[in-house]
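Next up: the structures, one after another.
Both complexes shown next keep subunit A, but they swap its partner, so subunit B is in the first and subunit C is in the second.
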Partner chain A sequence: MQQLSQSLYSGVLYGSVYGLMALGLTLIWGALRMLNLAHGALYVVGAYAAWALINLAGLPMLLSFLIAVGVAALMGLVLQTTLINQVIGKPGFDNASLIATVAAATMIESAMLLMFGPQVKTMPPVFEGNLLIPGIQLSIRYQDLLVIVIAVASLFAMSAFLRGTRYGMAIRAVSQNMDAAKLMGIPAGQVFLIVMVISAALAGLAGVLLSSIFFLSPFSGFLPMIKALIVTIFGGLGSIKGTIWAAYLIGLLEASLQVYLGASIALPGLFLFMIVMLVIRPNGLFGLGEGRRL
Partner chain B sequence: MIQEQNLPAAEVAAPQGAARLRWSAGPWARVDWLMVGTALLVAALAPLVLTRVTGGGFVAHLMITFFIWSIITQCWNLIMGVSGIYSFGQVALYAIGGWTTALLAKEFGWSPWLSLWLAPIAATLAALVIGLPTLRLRGVYVVLLTLAFHELLRNFLTNGPQIVTGGGTGMVNVPKLFDQFLGGGMDQAMHYWLALALFTITTLAVWAILHSPIGVAFRALRDSEVYAVSRGVDPFRFKLLLFAFSAFFTGLAGGFMVHYQATASQSVLSFGFVINLLAMIVIGGWGSFWGPIVGTALMIVLSELLRGVDDYRNFMIGLIMALIVIFAPQGLVPLVSKFVGDIMRTLREAE
Partner chain C sequence: MLTVSDLHAGYGGSEVLHTISLHVHEGEAVVVLGPNGHGKTTLLRAISGLIRPTSGAVMIGDKAIAGLPPEAIVAAGVTHIPQGDLVFPEMTVLENLLMGAYRALAWRERNTRIERVFGLFPRLAERKAQLARSLSGGERRMLALGRGLMGDAKILMIDEPSLGLAPLVIEQVYETIREIRESGMAILLMDENANHLEGLADRVYLLESGVLVREGTPAELLADEALLAAYLG
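Here is the complex of A and B:
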């Protein structure tokens, strides 16, 4: 019983954060048709910005979180305007965007290494203490609860934004059919920029939240990015509903593998699951074909 | 000089039945074999000089590194650049080759000369195992699965059984291919010649496959999969073939490097090394024959020049890759050869 509740709780925690990461990846894939391999680097930017603001500038934590997300978003803006805009729409975009994002990730991560050194950093928790649930012997850290609340609220906000606002509709239109969207007068370049900034902000937020639970190093964005990629593909590339469902399913799977079989099994187990999944159902959980996205 | 590919398909693939390809029209006729022979001779004689001058040993080491790394980059370029499979598993295959022969030679007492041959076989088998589920899928999926494979292998070799990890330091004191009895730097010269031989064989094999009907099929698949399929090219079979082919030589390179350095270290699986190799391909010229070879040479020289500012090296590599992508997406080799070609033409017209 305790194991079950523990894995459920960890699963929801992981799932919420993976959802944030994966949503950014899926938005970029939907709009730009690009696999952003710099997503993990944006995660790291957010996390280090928060760490620096709290520990070096001494700002209050929640304010630092907010600014850190802004810093990550700014980084996304810079990435889009200086690099991605130069290769977008040109022949060989697949190759070029892959190399461009790898190059960006290399630059960002080595810059972080130069600025903050290779030592592992830890972020102090916003709230100390645990919430004890006696019946099932489960202790929930307030910090984790905060992470879940922020992540879920952001997911809902994003969902509302994409469904309800003009900008959200423009993003969905571009993802569904770029040519038709352009003919309807939607400025695709502006949509790309918005998507990149949002996605970077989400990655930065995930970095801020997850680094208050795990350690932070210049390369700690890699595994969350890989897991987000698993989530994105599992949920069906470009599908928002699928991504969020998949995030929680993958989170639960990882947590139960950890609780029942041990931490060293979790990662290989996830990958094995992914391979089997891709062989059986290559279009992902919600199986969107090429025609319908978002 | 070997000319760039881009031959009309009809010239490469012999027409069915009737007239076979004329011997003098084959791609080999465009190769200046005298030049190739001279270059090989100079490279083969180099150690005789290098062992006699101070600092020559280091230059010989750099040359060996160049031979081995350019084997990997050529193979990786075949997959990434020529065939358009976004695989990030090449370094993992290199590590598998290395670990196989290191285990057999060190823990099971095999002769390194025997175990070295199992390195490419193990790498090829591993490539088939990854390729079977992966290569039916499209780009993004391949990126994910090969990255996952790399990460799993790194995990296993770092946290796995003691016999593989060597307690986290990797396998040290792996038997060398050449015993020290030769003395006087000849040990390194022998390694040099072996590396040169491996490099030559790989380069010839890559050149041959690029100019064979198989190579044409690969480029057709990359440029328009729909068209290639409709002309009867089975993408899965060709991709798997290429995957196995490039894994074979990569594994061999990995096996050689382990015996040369007498260690199998986890550091080859670090992301810095992967990015380094990728940068070589990108800088030289993604998808061209000379690209990875020239790129590897450039990067090795550049790394030595940047040794003083080692901390900034990775940043510079990222910056260079970004600049190449923006300003010379084809890479430096096609850019320079086009530039030279333009100048030659202008000169000819002026005459």
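Here is the complex of A and C:
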């Protein structure tokens, strides 16, 4: 019973943060048809920005979080305007964008290494203490609750933005049919920029939130990015609903593997699961084919 | 209103349109007749900026629009209504229509325009919460038309409104286009056969193998027996 409640709790916690990471990846895939391998680096940018603002500048934590997300968003804007715009719409975009984003990731991570050194950092929790749930002997840290609340609220906000606003709908329109979107007068380049900035902000937020639970190093964005990739593939690349469901399923799966079989089994287990899943449902959980996205 | 002069366009290295010149006056309805695969859709794509013309000029009034990005051409007042496959499949009918009013000026008027479109196509009103991919071919066609009416068009360019539709629906669609025309909107319509020229077209061009081979009034063309044999399906 305690094991079960522990895996549910961790699963929801992981799933919420993976959802943030994966939603960013899936938005970019949907609009630009690009796999952004700099996504993990944007996570690290957000995390270090928050760490520096709290520990070096002495700003209040929640304010630092907010600014850090802004810094990650700004980095997304720089990436898009200096790098992605150079290769978009040109022949060989698939390969060029992969190489360009790996290069960007390497540069960003090396910059973090130079600026902050190789020692891992820890972010102090916003709230100390635990909430004890007696019947099932589960102890929930207030910090984890905060992470879940912020992540879920952000997912709801994103969903409302994409469904209910002019710009949000334009992002979905571009993802579903580029030519038709252009005929509506939707400027594709502007939409790409908005998508990149939002996606970077989400990665930065995930970095800020997870770094208050795990250690932070210049390369700690890599694993969350890989897991977010598993989530987006599982959820059907480009599908928002699928991505969010998949995030929680993968989070729960990882937590259960950790609790019942041990931490070293969790990651290989996830990969095995993804391989089996790709054999059974090549288009992901919700089975959307090309052109049925977002 | 719309003037196309010496337009060349194609895909990759292969040219589809050779030296196309045509014009549409204010309030005029012009039909371009041509068999499938002879460049009708390419002509519209070249005017609306989905493909870049290799040479030639396209003017709206005295504004040159050839080579501009599609959003600038939409802003100049050109609305290209594509075939029904160019709807947004995972958006509802209502959301599809809203995208037609994407530009800021149109967006402010979106609610009154949706009412107008629902007046023209009651079927769309019934299906407004449905995803576009669940619509029938005829309904998608209506959706593409209705969506085109949501913007601030000075000229509507309509690509083969009858393609793949049941006869009854075809009549309905042309009836709506006639109504739109009577409101004074300039129209450039691509069609495969001459069945619907009467009461709709002021002038007709014939497009064959990427070249405009003839121009005339519907009466002139309908008087030509050889032509009728080719274009009356």
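Assume the second predicted complex is superposed on the first by the 294 of 294 C-alpha atoms of A that agree within 3 Å, B and C clash if a C-alpha of one lies under 4 Å from a C-alpha of the other, contacts with A are read in each partner's own complex, and residues count from 1 in each chain.
Following the convention adopted for this analysis, a residue touches a chain if its C-beta (ideal position, glycine included) is under 8 Å from a C-beta of that chain, and two chains touch if they have at least 3 such contacts.
Since the structure is predicted, the reported quantities are computational estimates derived from the model, not experimental observations.
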Subunit B versus subunit C as contact partner of A:Q176, first or second or both or neither: second
Contacts of A:M274 with subunit B and subunit C, given as first, second, both or neither: first
Touched subunit A residues, subunit B compared with subunit C: B
Subunit B versus subunit C as contact partner of A:I226, first or second or both or neither: first
First (subunit B), second (subunit C), both or neither touched by A:L66: neither
First (subunit B), second (subunit C), both or neither touched by A:G185: second
Touched partner set for A:D94, first subunit B, second subunit C, both or neither: first
First, second, both or neither for A:I213, with subunit B first and subunit C second: neither
Partner chain in contact with A:L252 - subunit B first, subunit C second, else both or neither: neither
Overlap of the subunit B and subunit C footprints on subunit A, listed as residue numbers: none
Touching residues (chain side subunit C, partner subunit A) in the complex: 48-50, 69-71, 74-75, 79-80, 82, 86-91, 95, 98-100, 102-103, 107, 133, 147, 151
Complex contact set, residues of subunit B against subunit A: 81, 84, 86, 133, 136-137, 139-141, 143-145, 147-149, 151-152, 155, 159, 271, 275, 278, 282, 286, 311-312, 314-315, 317-319, 321-322, 324-326, 329
Touching residues (chain side subunit A, partner subunit B) in the complex: 29, 35, 37, 83, 86-87, 90, 92, 94-96, 98-100, 102-107, 109-111, 113-114, 219, 222-223, 226, 229-230, 233, 237, 264, 267-268, 271, 274-275, 278-279, 282
Sites on subunit A touched by subunit C in the complex: 166, 169-170, 172-173, 176-177, 179-187, 288, 291-294
